[in-house]
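Quick notes on the structure that follows.
Going by the order they are written in, the chains are A, B, C, D, E and F; count residues from 1 in each one.
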Amino acid sequence: MSDVWLNTLITNTPQEGFELAITLSRRGVKYTQPNPETLKALRPEYANSADGLTAASHVIAVNFQTVAAANNYWRKG
Amino acid sequence: MSDVWLNTLITNTPQEGFELAITLSRRGVKYTQPNPETLKALRPEYANSADGLTAASHVIAVNFQTVAAANNYWRKG
Amino acid sequence: MSDVWLNTLITNTPQEGFELAITLSRRGVKYTQPNPETLKALRPEYANSADGLTAASHVIAVNFQTVAAANNYWRKG
Amino acid sequence: MSDVWLNTLITNTPQEGFELAITLSRRGVKYTQPNPETLKALRPEYANSADGLTAASHVIAVNFQTVAAANNYWRKG
Amino acid sequence: MSDVWLNTLITNTPQEGFELAITLSRRGVKYTQPNPETLKALRPEYANSADGLTAASHVIAVNFQTVAAANNYWRKG
Amino acid sequence: MSDVWLNTLITNTPQEGFELAITLSRRGVKYTQPNPETLKALRPEYANSADGLTAASHVIAVNFQTVAAANNYWRKG
């Protein structure tokens, strides 16, 4: 992939950090399967499966650990 | 999602931190499948499956690591 | 859940910490499926399955990481 | 379980630490299924399955992270 | 494998770090199955499976934790 | 196992660290199933399965986190 999509792990709020974790999780999928048609076709397979959704939430949780650590957990002062 | 649901990872007690970890885990699911009807329909699939419940507890454990670190493990003093 | 079950992550010994990790793992299940009858009915499904037991031990290991870090690994002095 | 089996996470060598990680992994199973007959009966199910062995090695790896951190990675001096 | 493919975990940007995490994830596969023909034949099996792609993204997330920590999360100054 | 196979987590390069992570992952399997004949028989089961290879790479990633931390990520002086 030649586009620039990740310049920093720093975010203003934990919620933005969580959303960045989602972006990271999706990018991990996209690097493995870059074809957007295939990705679209596979969406119902996990978005309508309890196991698939739990697995997706798991990957987000792992990436959120990284983003949260990068932001010193958004602790104040 | 445009609503604000996560302003801080800091909680008063470890139990509140554990409950925040549950919120994070559910939000990971909701971002992936935002349709509440679909989510409701899938609930029996994991809430009545031993594997599904263990997987859910696993995601909570990963998010609890993040929340606990953010709170310095609620160590006193 | 309105009962108070988690006041601290600090334990006297690593073994008590490991047992707290088990409590956390079970609570993760219970928050997801609060019905005790359902939980009881599902028990044979994982307690008699090699995969289910390994998965349970995995969740305990993740929670034990958190508890052990909270206790500075029970290092002396 | 009333027996004392875990007094410290400190070991003399990384190899002893790895073996302690195996002990922790097995204890996680044993707390969940304390019946030794059942455990023995389940052994072939994972010890003769590639997926089961990889999953077992995964749990050991997670526990080894904890033990290694507790021992400051056995770095010298 | 005798070729040198990993000299440093340090990268200029988080995105390069994410791409290094992908390399690490693929190398983990390649060390286990070095035959390029077999690997090629297996590609459709995971690149066209929602579960397979989520699992791939999970491994990338774990390796990204390592690379991000190595780079101090690319925090400035 | 009575042989000595792990004296240190310190390696000269990240690549040697990655290869040590592979050794740790395999040892986790071997401690669980010490019979070399059985292990050999199981090899095709995971080395020819996309899911099995991803799972193997996942365990390596977890062990690499440990080895990389032990080596301070091979950051220079």
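Note that a contact is a pair of C-beta atoms (placed from the backbone, for glycine too) under 8 Å apart; a residue touches a chain by one contact, two chains touch by 3 or more.
Keep in mind it's a predicted model, so treat the numbers as computed, not measured.
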Third chains touching both chain F and chain C: D
Residue-number overlap at the chain E/chain F interface, same or different (half cut): different
Distance from chain F to chain D - Cα centre to Cα centre, in angstrom: 15
Inter-centroid spacing, chain D versus chain A (mean Cα positions, whole Å): 31
Distance between the centres, which are taken as Cα means, of chain D and chain B, whole angstrom: 27
Residues of chain A engaged with two or more neighbouring chains: 46, 49, 51, 55-56, 58, 62, 65, 69
Graph class of chain-chain contacts, one of line, ring, star, complete, other: ring
Ring walk, chain A to chain E and onward: A, E, F, D, C, B
Residue numbers on chain F that touch chain E, as the complex places them: 13-15, 18-19, 22, 46-51, 53-58, 60-62, 64-65, 68-69, 73-75
Chain A-touching residues of chain B, taken from the complex the two chains share: 4-10, 24-29, 31-33, 38, 42-43, 45-46, 49, 51-52, 55-56, 58-59, 62-63, 65-66, 69-70
